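As written, the chains take the letters A, B and C, and residue 1 is the first residue of each chain.
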Amino acid sequence: MSDRRRLIGPLNTIIPNIGISSNATEADVFKGPSSATRNEDGLRQFFLKTGIIENANGSAYLEVGGNIIQVSVFGPRPIRGSFVDRASFSVECKFLPYISQPNEQLYNNTTVNAGSTANTGPTNANANGRTGLTNIEQKISSYIETALLPSIVLEKYPKSTIDIFVTILSTESSNSGSTKVDAALLGISNWVLNCSSVALVDSGIELKDVVTSGVATLKNDKLLLDPEVISSGEDNENTLTCVVSFMNLRNDEIVGFWMEGDQSKFEESQVEQLIDGCNNMSRQVRANINSYFTSTLE
Amino acid sequence: MDTNEVISITKPEALVNDIDSDVEMSDIEDIETPKDNSNTFKSSIVTPGELVTDDPIWMKGHGTYFLEDKTFSSVAGNISRVNRLLSVIPLKGRYQPETGDHIVGRITEVANKRWKVDIGTKQDAVLMLGSVNLPGGVLRRKSESDELQMRNFLKEGDLLNAEVQTIFNNGIASLHTRSLKYGKLRNGIFLKVPSSLVIKSKNHSYDLPGNVSVVLGVNGYIWLYKTVAKSNSAANTSITSNTSKFQASVDSSGSYAPGQGSISITRLEEESSWEIYSDKNDPNISNSVRTNITRYNNVLKALSYCELGITEQRIIMGYEASLAYSNIGSLIDKEAMESICQDIINNEKMRGA
Amino acid sequence: MSKMILSPAERSYLYDSLTQAPPIRPDSRTDHQFRPLEAKTSFLPGSNGSARIRLMDGSECIVSVKSKVVLSALESSLIECDIDVSGFRDDSNFVSNLKFYLTNLLQHNFPTQYLKLTSRYAFKLFIDCIVISHSSYPLSLISLTTYLALKTTRLPLLVSDVNDEEVAEQPTFSDDWDNAKYIGDFMKDGEVFQPPIFITLGVIGPNLIFDPSTEEEQVLENGLIVSFYGNKVITPISNINLATNSNNSNFKGLNRSLITKAMALGNKYCPAVVKALDTLIEQDDEEGTIF
């Protein structure tokens, strides 16, 4: 009989070959975002795989450009205590400790005093030995939670909880320079959402629709879907960026909306244009996800 | 556009600080000197720790404590003397339930054969499964299946009105809803006022002008709802139908059929029982009734803001005063609330004179 | 703040009332009406600017603005916000999100060029918000209080030379507090200093309701946060689940037309909010400061 006082690891564990070089070349290690090829629809190609984490009820892994995201879904799990007639739902999104978060000096109160001898380090204790989530992580978590909440049939799971854990393994904004625009943040939120939706489908939890998301930038009246964020030095004048999440099979209802950008030129028509762009992208992503799932069934 | 239509921002009222420090000092000295004549009390308002009397003849009641043959106050409030019982009634504080109080409460927990109900007391009140009317007749025993489906009758968050049946030794109130006027609340909105403002009277549920009714809980919990049309109420229909059945049976057979008429009271319970646990509102609540309910809501908030005792008459006078405000949105402003209360006070003076 | 649960009958009555045209709100407000506020400015003698806003239900927020002279090259931002909400941990999702919102708003919509003292030195503003008590989502309350605090912030007058490129010189300031200037005083003629604000809108049926109360939040289908600066609606704009600590079963997706409608309503009614805030500051000025 197994020792029940201990948490046993999964049966099919593999010990990694630590320290053995895979002879990786410089190009293999970091395929810059620019190397991501775009399809004719304007989106970058993305790599998707489900069911990679055995212990979770559902999981998904996504690579696009320089972003690598992994999502695991736990639940429905029973909760103790007072009675609730619907499942409670939570999302926790974390960046790996060595990943720089978009605009972190600004939002996470990590005052990096370059040149100053008094190096106090990050105040949120996020780099190592971090305590909770940083403000940026909390914000992305909230966006995902708000957007996915309407899609889950929570009333099917009374006295339960459904938890999503997102790990961001890599972002393309490796250079978190002095950029004021939060395009990188919107970009990563967009892909985290798409990946989380896939993981939810994988978990078998009942859904009203698969939420998918699009991100678009309007720069000098030119609409760009799924913008890459590499050039932090570029001027961001007259740029509007928007991430919108939809339930495309339920009248394109908007479940997530977040817009940032320069305010000097800002019309309702531009917002319409951005929403249209995001809807286009969301539909493309949805089509891809659908074909992924049908192909796994074959 | 008028700014006040969107937002009203006012300065906070200056704190009136008219306590003279010299007077205060001498007061304290006064208090600390024990009174020779213990039967006369210095003032009827006392603060915690203040000596009320040093005569051991008095029995110590609520709000007092006893130390070295002296009685001190443990709350800020008025001294009350009933025969030899000396107690201090707190000016402010939680609602203290008394048997017979008509209250409004909210279910907080479904427990073993009982519901826990928030009625604004220190500890949640209990409503025993045996103290409610259940479908299947008033007189039947509560079975195990009733216990299993308790959440179908009342669940967490549900509002009901009930009567305090008894107070247990530990101070917890036990409620009952064994009357058709008690039970689940529908067709309206809930608000709270301090329980000290609700003046106890024989009746705590009123029909008000504008097709609105109110359950004015003694505990300060209030339910405003659409008046149930008397002729359409379930209770009345069942009575009339039973009566007509009874008459029909008399007419057709020419003799009195036992059981037909005599079950009418049980039938009345039976037929209304499932309905009294329904969560469905009346589908036909007109906008004018809804608007009137918000008017009454604001009137009650105004009375609470101005710390006026709440009675049926004052609610109606407040409602009439509020009709002067055609822009109903302005009723939440402080000025409007004060003016409504002033109207009520003036009105009462005129009637009193 | 305890979890708020409404009974099914209350929920459906409230929902039906709020989806009427126009919506019938429980406190009889119109759809674009805020709850009345009580406000006071410049009452913290140790701060450069301060403000306090109180609602009738006891919700209250205090904001203090303090300044510090910094070497601008070393700072990633000249404004730093901190928010404290009683009853919530500083690293909770609730507080972190509020901090993110306010930082984000002020970062993109503040005339920081007027905080620059010399080519090397600048004022850095520390905005500390304390939410003493709240019932509904407090973001709008925090941002309106911040508006008042920033607008009444006074910074000491620089007396040393503005041009310090050649000579390394520490800035020095006038000793006389009467010479201190409001941020608006540094601005060019014709420009008005109006810090950005947030408003919260509740989405219910076809209606958008301003400044939803905590009861209303329980039945909303969605929520929108709209920013307003420079007399127009600006970014960030986002949707939000306002009933954060309840199990709102009405929450669902929103129609895209409501986003543009929210912008239009913001453009229409926010000038009145800003005007009311400015009027209060003028009245407070007339009374004279307490120090």
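The definition used in the following text is that a contact is a pair of C-beta atoms (placed from the backbone, for glycine too) under 8 Å apart; a residue touches a chain by one contact, two chains touch by 3 or more.
All of these numbers come straight from a predicted model, not from anything done at the bench.
A.B. asks: Which chain is most central here if centres come from C-alpha coordinates alone?
C.D. replies: Centroid comparison flags C as closest.
A.B. asks: Could you see whether A-B or B-C has the larger number of C-beta contact pairs?
C.D. replies: The greater number of contacts lies at B-C.
A.B. asks: Can you give the whole-Å distance between the Cα centres of subunit A and subunit C?
C.D. replies: That gives a centre separation of 28 Å.
A.B. asks: Report the inter-centroid distance (CA atoms only) between subunit A and subunit B in whole Å.
C.D. replies: The separation of the two C-alpha centroids amounts to 51 Å.
A.B. asks: Centre to centre, by mean C-alpha position, how many angstrom separate subunit B and subunit C?
C.D. replies: Those two chain centres are 38 Å apart.
A.B. asks: Could you check subunit B for residues that touch two or more other chains and list them?
C.D. replies: Counting only residues that touch two or more other chains, subunit B contributes 156.
A.B. asks: Give me the residue numbers in subunit A that touch at least two other chains, ranges are fine.
C.D. replies: Residues 85 of subunit A each touch two or more of the other chains.
A.B. asks: For subunit C, which residues are in contact with subunit A within the complex?
C.D. replies: Contacts found on subunit C: 74, 76-77, 80, 82, 89, 91-93, 96-97, 99-100, 103-104, 107-109, 224, 229-230, 232-241, 247, 249, 251-256, 259-260, 263-264.
A.B. asks: Where on subunit C is subunit B touching in the complex?
C.D. replies: 5-10, 12-14, 16-17, 20, 24-30, 32-40, 52, 54, 56, 210, 269, 272-273, 275-277, 279-280, 283-284
A.B. asks: Going by the contact rule set out above, which residues of subunit A touch subunit C in the complex?
C.D. replies: 84-86, 88, 105-107, 109, 111-116, 124, 131-136, 138-139, 141-143, 145-146, 149-150, 154-155, 178, 180, 182, 240, 246-247, 250-263, 266, 268, 271-272, 275
A.B. asks: Under the stated contact criterion, what part of subunit B meets subunit A in this complex?
C.D. replies: Of all residues in subunit B, those touching subunit A are 109-110, 151, 155-156.
A.B. asks: Along subunit B, where are the residues that touch subunit C in the complex?
C.D. replies: Touch residues, subunit B against subunit C: 1-12, 106, 156-159, 184-190, 279-281, 285, 287, 290-291, 294-295, 297-298, 301, 305, 328-329, 331-334.
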